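Both complexes shown next keep chain A, but they swap its partner, so chain B is in the first and chain C is in the second.
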Partner chain A sequence: MNALWAIAMITFKEGIRNRAIFGILLLALLLAAANFFVSGMIMQEIGKVAVDIGLSSISFSGLMLVLFVGINLMAKDLDRRTIYMVLSRPISRYQYIYGKFFGMTLLVLASTALVSLFSLGAVALIKVGAQDFFPRFSWPSVFLAIVFITLMLILLTALTFLFASFTSTSFVTLILTVVSYLIGQSTSGVRTLVEAPNVVGIKVSAFTVKLVQGAYYLFPNLSLFDIKTQAAHGLPVGADYILWTFLYWLLYTTLAITFAALIFRRREFP
Partner chain B sequence: MIRIMGVSKTFREGLRGRKVQALDDLTLKVQQGEVFGFLGPNGAGKSTAIKTLINLIRPDLGTATIMGKDATDQRVRRHVGYLPENPYFYDYLTAEELLWFGGRACGMPKKLIRERSIDLLNKVDLGQSKGRQIRTFSKGMVQRAGLALALIHDPELLILDEPMSGLDPLGRKMVVDLIVELKAAGKTVFFSSHILSDIERLCDRVGIIVGGRLRLVDEVTPLLADGSSLEDIFMREVRNAAPESAL
Partner chain C sequence: MKSRLAACVILLALAAGLFCTLNFAASAHKNLPVDESGAYVLPAPLLKIASLEYSGLVSDLLFLRATVFYGGTMERVERPRVKDWEWHWMINLLDAASELDPYFYDLYYFANANISPAPGMLPAVNSMLEKGSRYRDWDWILPFYLGFNYYYQLQDNDKAVNFLMEGAKRPGAPTLLSTLAARLAYRGKRTENAILFLQEILRKTDDEDTQKVYKDRLGALIGIYQLEKAVALYRERFGALPLSLNDLLSQGIIQALPVDPYGGRFYLETDGSVKTTSNLVYAKDLNPEAEAK
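Coming up: the complex of A and B.
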């Protein structure tokens, strides 16, 4: 446990001091400021737009963190061989992967908390100035949406670990992660479309249906974690949806990180 | 302390997967309390052999054991300090944090880590820079930090891959003094170096590896008794190996 915690701590410290983090926080601050301008330019549904922009900026900043800080943290260990200093200790490959993952998870939590502070601060200020446009606004819904974004970012982090465990360069890991993110965001919608093509009057081959269904089960369904619309409109999210989404997240993340550890166990570092 | 028995390792290179024999039936024993110098030209297999001991590389054939335990057993590394060739550490950590990690990973109590960190960082002349991030260090300073990291948990066995690399004369003297001190304390030191005079001066025994095969293992004193220098012997072994490689 000591070793695992030690790896998590150095990963977190290395990540939080990275200059890229400052860039991402600056971006989040600018997006929060932009929320004022955009919300100020429209004369209706200000509340919905402000919440939507606020949550989108949290999601976007988190994505930048995972893609540019998270992948780099893992890749540097392999590219620059900093992994030697870790694996020459009485540390197993499993401890290395889990420790690194926990460190990165801490980084995602800390960064999302800070970015959320900027975004929600902007939403709160807009709400003070335009109280009438926030009739169904609910802080719990907004917080739940942030929790879901955080879960999605942690899942994506687990995927980067899985890809990094068998690829040789960080660029390939980056590409695979971006592709998985894009597919994961759209797979649910595309599946609905190809399984009932008559609704929109299109024809879809049986092969395409199988392909989309395969992608649906292989790639994470990231759209499950996107409840921005519900939060913006103040719509309730059912307890069973929350529970099933959480269980889905737990299962997918655990599987991804376990496979990463299994692959990594066999890897050599010449 | 170290037993490498019949270790062979082949790597595949390039798109066509060309086979490169890095180690060929390497057998080597290092006794406890011994300072062993591992010599060889670039690409001879020194680092591969060392990485086999640290379990960074797994042999295709043969076994490597440390203190009677297989090198793949992570517990054995509690007793091993390793300095890689051209070490890289996390840029944004300080030297003090690096040693904290090394100590914690070996299960050392915090108070002991603190005490040994101060002592070791002063010893490698980084006492004044302990709070600086490693990315601001020169190559020599990184090498010194690596030495302190290898020693933080007071290991029984030190495996140092080119410990003098990147060091100025003062740094080299510091490493020499350190190895002498470790030997006096009964520690085992296994190190590779291209600086033959240091090997002559420090080592009890020396091994010369060329083309993945161990060409010579002997005690330094009798080896040099006829007035030959280690450089002469090294050059001879490399020359003798050349026709074999050509076959």
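Coming up: the complex of A and C.
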């Protein structure tokens, strides 16, 4: 347990020291500033647009963190051969993978918290200036949306570990993760589309339908974690939805990281 | 020292060149031919997939695109100010945005104020408003807009009453909605009812540009209303309709003819109803041919 915690802390600190993280924070700050500009061009529902931009910038900068800092952290040990030093110590490969994953999770939590501070600060300031144009605004909905974004980012991190466990370079991991993200975000929309293609007047073969349905279960359904519209309009999100989505997240993440550990255990290093 | 000076001169020349080329390229870009094929907007289901988890944000951007474009047409000198396909493009943008985020109020607000007066655009605006009204089931203003459009523009009293009754049930709805619904059940008093509608819409409108749209419409209707009352008075007094609005002036029933904010001229139909040559459309929005008619 101690070894696991030690690896988690080392990973977290290494992530904080990574220069890329400053770039991501700068991006978040710029997006928060842009929020003032864009909301100023809206006539009525300023609150909705401010929340849209705030939440989108949180998830976008989180995505950048996972893709560019997370994958780098995982791959660095392999690329620079420092993994020999770690694995020669009394640490199992399971502990190594889980430790790294928890360290990365900590990093995602810390950076989401910081970016949220910027984004929500901007939203709060806009709200002070345009109180009347925030008719259905609710902080609990916004916080729930941020929790869901964080869950999505952690799931994506678990996927990067899975890909990194069998690919040889971090670039391939990056590509696979980006592809999974794109498929994960669109899978439920594409499934609806191919199951009722008449809506847009296209023809879809039976094979494509089967393929999409297969992808639907294989890839994570990331659109489940997108409740930005509900947050922006202060619409209710049912307790059952929260519960099922959380359980889905827990199972998918655990499966991904366990597979990663299993593959990593059998891996031979050159 | 000399080489440093040379470097400075070269850099300055390059910067000046950059400035010029940007301006030339941008103005040439403006003159690129744009036609109706540029008005294509992706079907909503595809747009939803393409916008990933940012559908709310994409909806905001589509809205801004439509409003910025509309704002840009204000400076045009050509007539009609906005071409037919451009109206369709704007409503398509707004409609796609409302598929991405059907709860976004600004889409309906903008479409109703600015696009519904354009020739032939009302059915599209109404179907958008009906969608918005279904989703925003807490909001009485969208059924209220629909009530006005069906009552005054399409003269479909039954539908208007239905929408007003629907709006009256929603939280915070003014009592005016149920009053109007009751009044519309009886025909007649068309102008007066429309004025009541518009005063309420104006009360819920806070940006100046949109206010102007509704104020002009209200001003024209008040003018028509005054003249209608004067015609009724004339008829009471002389037992016949006046031949033209000038009769009202010469008999001293009114002091002056009201001004149509749309730039038209009020006139009397043979059946005694008051109309305006502008037909409640700004002269600059009209086709030159239509105007000639």
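We take it that the second predicted complex is superposed on the first by the 266 of 270 C-alpha atoms of A that agree within 3 Å, B and C clash if a C-alpha of one lies under 4 Å from a C-alpha of the other, contacts with A are read in each partner's own complex, and residues count from 1 in each chain.
The criterion applied here is as follows: a residue touches a chain if its C-beta (ideal position, glycine included) is under 8 Å from a C-beta of that chain, and two chains touch if they have at least 3 such contacts.
Computed from a prediction, not measured in an experiment: that's the story for all the values here.
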Touching partner for A:185 - first (chain B), second (chain C), both, neither: second
Contacts of A:269 with chain B and chain C, given as first, second, both or neither: first
Most chain A residues touched (candidates chain B, chain C): C
Chain B versus chain C as contact partner of A:80, first or second or both or neither: first
First, second, both or neither for A:88, with chain B first and chain C second: first
Contact residues of chain A, present in both the chain B and the chain C interface: none
Complex contacts: residues of chain A adjacent to chain C: 38, 41-45, 48-49, 52-53, 55-56, 59-60, 136, 182, 185-186, 189-190, 192-193, 199-200, 222-223, 225-226, 228-229, 232-233, 235
List of chain A residues in touch with chain B within their complex: 2-3, 5-7, 9-10, 13-14, 17-18, 80-82, 84-92, 268-270
In the complex with chain A, residue positions of chain C that touch it: 43, 45-46, 48-50, 52-57, 59-60, 63-64, 67-68, 101, 103-106, 109-110, 138, 207, 210
Chain A contact footprint on chain B (complex, rising order): 11, 22, 48, 51, 54-58, 74-78, 80, 82, 84, 87-93, 97-98, 100-102, 104-107, 133, 146, 149
